[in-house]
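Below you'll find the structures, each written out as structure tokens.
What follows is chain A paired twice: with chain B in the first complex and chain C in the second.
Up next is the complex of A and B:
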């Protein structure tokens, strides 16, 4: 009788025979197509990025500037701090291809060395801020409830403090150096990524694979690290890029205001600030060169961020 | 079934609290699962099937709490175990698979690594060793060219393949019990049959007990050994599958079975429905919970809730004062006449 029932229901479900040949058919059905070559998500995204011309230009500019700042001094041996009293505010010449400043220092050499501070402080601070924000936000969003509410109120409180005022205060008290700048910028810039990642975690934690991983016995830390974060990687990478751009701009502000790394160290913001003295006079090289450098780097990082966002976004996949 | 059951659920009560409102979503559910046995929990949406499953593994949604009863796995009490110990049970001694294999796999991880994850988690195996075993598991669940598929991402697999991967992951640590929560609902019918046959093979090969949660009597008929019919948080009828299908006593079971479309019945008939809606569990009826929708309702049904009555000696029990007697399956009689 039971067998009859089974047959009756099977017949309604499908017309497959009820013996072992089902499994054979299963293999035949699913193996019909060849096994697709495994291409990781990372490759897909890189490929999409490579198709974006603006992204290529942005990456190119960043690479050129990095090369200029770090490898330039290998080929251009003039010291950035050596003064040349015989040629103050000298226009570009063979001896000084980008001219000299008001105490006769070579602008090309200073531009190279000054960029290092912007780049290394900006990149490290941006990444550090993102790391702090990601850790904070993912825990807050994943745990949820009262913990989340408390953690987010802290973010709200800290975000209401104007960063520039805080930095001015700090540099009035302590003499800034690169490490201090990195720490301070990171500690004030993690708030935005924290909020973004929290929102991601809030939505990702309800995905079935997160439940599935808990059913498999994974603890919270493991679930966050191996299921929440990899799925938020788009948001994280894009945000990190913007964080770097913001940090570079912030360093330029500070140096411009004389609150960054103190002179005689060269910084782009500081060079721009010194050049402002000559704003209404002839020497354009003292203003445009550091100014354009700052703008190029910041804009490039922003474009890279935009391009990365497009590359990670599934929806724009077919449009490109 | 002879021998000690692997899983014993006794008088399980699970409460869901949402603010001031509290609902007893699982109310006094008891059943046993033996090695190699498939026990099917059937019922309509919201009857507490899934919450029963999630109570067993101790992963309730926010506000959920087991208020009474016991869940014993191979003699060990699970209710009241600290989260840390439960983490060691989940995936290791109890595996679970879900309805929708399209969303149950992490899209950013290779499927093989997801199968191997439990091995690294519970058995502390290194990458190479767990890879070998994961490939072996993929072969057991009949994933073709398992070696190559190990490195595939979920989006490169069909729904049926993904469900196989889920099963492989759930069984990698050789659990004693597999809970399958509507494992075939999201799959199309031909793939359904394949997944069911995989499950059927596995319980014999690995001697695991399977709790199969479903609302599909086709699945029940083709796979289950025992059936628990749930209605409004309670078990209303239970017994061996033949008894439930052919000699059902409870009007709800009967009504549920009559809603199954039948190719062999009369040509033009309206698809049967059960009138009304399940009761609000925040304030369940005093009497039989099915009374408001029951076609055979009597005054006694509304006054008092019936106990589980036993018929025969193979554990067929029903919760009804006025049971049906020897219900014939619609269509079968005609078919037999024809043959």
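Up next is the complex of A and C:
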């Protein structure tokens, strides 16, 4: 089947139809083959990334939010679960700089703790989903033939069930904690990396160095691990970044729907959903603070993925 | 073309088979097993024994699967635990409401996103283009419930332009079309805002691709203004990939429907699914999952068929 809808969104890079000279250059670069990052190419990629201002901003935002969530509580001692019955749904004040929620819990403290769930579950689930997808896709593409066809029809079937629907179904069957949530999200998000890596494996397996490795008697596992995967590393890294952004959005959706980590645990999505119950009191701090936090993290990861793709792909180097 | 459609139909059938197998496996792993789940609040020991026999629970899994699918095909999804009626009675109005909401949002998203994309492509690299790209990136990264919350806060609570939620008098017969559309308006705008970001981006790059084609050069050479060349020759070609993407966007659209419907308490399929999951109403959850998946497979299939119908180059390839 064709590429995925979401994948397509990400693939729509500002790749302007190039004139002749540029496409010649692209062909020349392509003939040289993809370059597995050795320490020097890794440096080149990092240097390219550092030149991208938006990427720096994205990394900065992610680092600030990580610091806020993990080190913030060292400086802000109010408990995220302590209630203050004298100030319910209270607007920001000196005592509660970001206001309180419906049972008088401090929003600042809850934002910090809630962000941890989004970040740690999102990052681990995104990475785990990528690992599963890479393993599945590389085997499918490398082995090929009827095995490949069967494995890809399974992907087609699972991908037809809307991810959120599948997640809701699964989280109704099992009450999730953080570990289960990671597993469940990873199990629903390996499909896109599987397709991407399969496509890479399909094209890479006919390269001379792969043939050489096989002629020398390397087993399939070894060929995949030491020749296919290193050459697909760009695709893998870029996709992992997008997977993390998607996973963080999915966690937000699930906790907003009340199907994520059960209360009283603080989650950004859950905080926003509680805030919506009091919309008539116009509690902007309960809506905007968690909402903007989610958007900042997700946009940052998406931008980072975009920048990483540029850094890995020599062909888009002629400018954004 | 017939061959292509036949192959594509076969593929859709295989995928549907996979979807039902996955749902069946989840059904099997539910507490109490499928007979208990299907009976719901209508449970008695005698009925349980009868249904177990009818479902062939003493027979091999393959047979059980076949029986379950034959129930599905006949529209028999079991009884809702919570509502105490056959699930199909809940599903039908839910699907209708969701189709209204989803359809409206698609039309709105395309109506705004596509012209924006063409606009951006024609002014590629300008400040306005970059600004619009950035905005679409942010919208794409926004959880749809956040947009929904802001919309309710400003348009329904502070200024009473739109109703806050629900559909007046649904369930009562004879609800005319207008109140349905009126109540679906704000949710559909919210749902459309997320999709719009994607459509403008696709349309931008699709238009950029057509602008360097030979037929565009020809159109310009024969003296058409750039505007006429783009809209008369480039536009329809740029639309072609959008058809395929429209089909592929169905799973995401259904996910969005679930969230938007729960934000606005809009009684569609997604709302049923959400309520069902919260109340552990498994027959409803499973049925909604199957229907949502069938809808997304069907959407994908229809888009692919439409593509062949629209594009004669593929139609004549056979």
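One rule holds for everything that comes next: the second predicted complex is superposed on the first by the 274 of 320 C-alpha atoms of A that agree within 3 Å, B and C clash if a C-alpha of one lies under 4 Å from a C-alpha of the other, contacts with A are read in each partner's own complex, and residues count from 1 in each chain.
The rule is short, and it goes like this: a residue touches a chain if its C-beta (ideal position, glycine included) is under 8 Å from a C-beta of that chain, and two chains touch if they have at least 3 such contacts.
Everything numeric here is computed off the predicted structure, so don't read it as measured data.
By the touch criterion defined above, A:231 lies against chain B but remains apart from chain C after alignment on the C-alpha atoms of chain A. Of the two partner chains placed by the overlay, only chain C lies in contact with A:259; chain B stays clear of it.
In the superposition on chain A, A:214 makes contact with chain B only, while chain C stays out of contact range. Touch criterion met: A:222 reaches chain B, while chain C stays clear of it. Contacts of A:160 after superposition on the shared chain: chain C is touched, whereas chain B is not. Judged by the touch definition given at the top, the superposed model places A:295 against chain C, while chain B stays out of reach.
Counting contacts as defined above, chain A residues 1-2, 4-6, 8-9, 12-14, 16 meet chain B in one complex and chain C in the other. Interface residues of chain A, counted against chain C in their complex, comprise 1-6, 8-9, 12-17, 153-154, 156-166, 168-173, 245, 249, 252-253, 256-259, 269, 272-273, 275-276, 279-280, 282, 284, 287, 291, 294-295, 298-299, 302-303. Contact residues of chain B toward chain A in the complex are 57, 59, 62, 87-92, 95-96, 98, 100, 103-110, 117-118, 121-122, 142-145, 148-149, 151-153, 156, 158, 160-161, 166, 169-170, 189-194, 197-198, 201, 217-218, 221-222, 241-242, 245-246, 261-264, 329, 331-332, 335.
Partner chain B is touched in their complex by these residues of chain A: 1-2, 4-6, 8-14, 16, 18, 20, 22-23, 25-27, 29-31, 35-36, 38, 40-41, 145, 207-209, 211-219, 222, 226-227, 230-231, 233. The touching residues of chain C, counted against chain A in their complex, run 11, 14-19, 21-22, 26, 29-30, 124, 133, 137-138, 140-143, 145-146, 149-150, 152-153, 157-158, 198, 201-202, 204-205, 208-209, 211-212, 244-245, 248-252, 254-255, 258-259, 262-263, 273-274, 276-278, 280, 282, 285-286, 288-289, 292-293, 296-297, 300.
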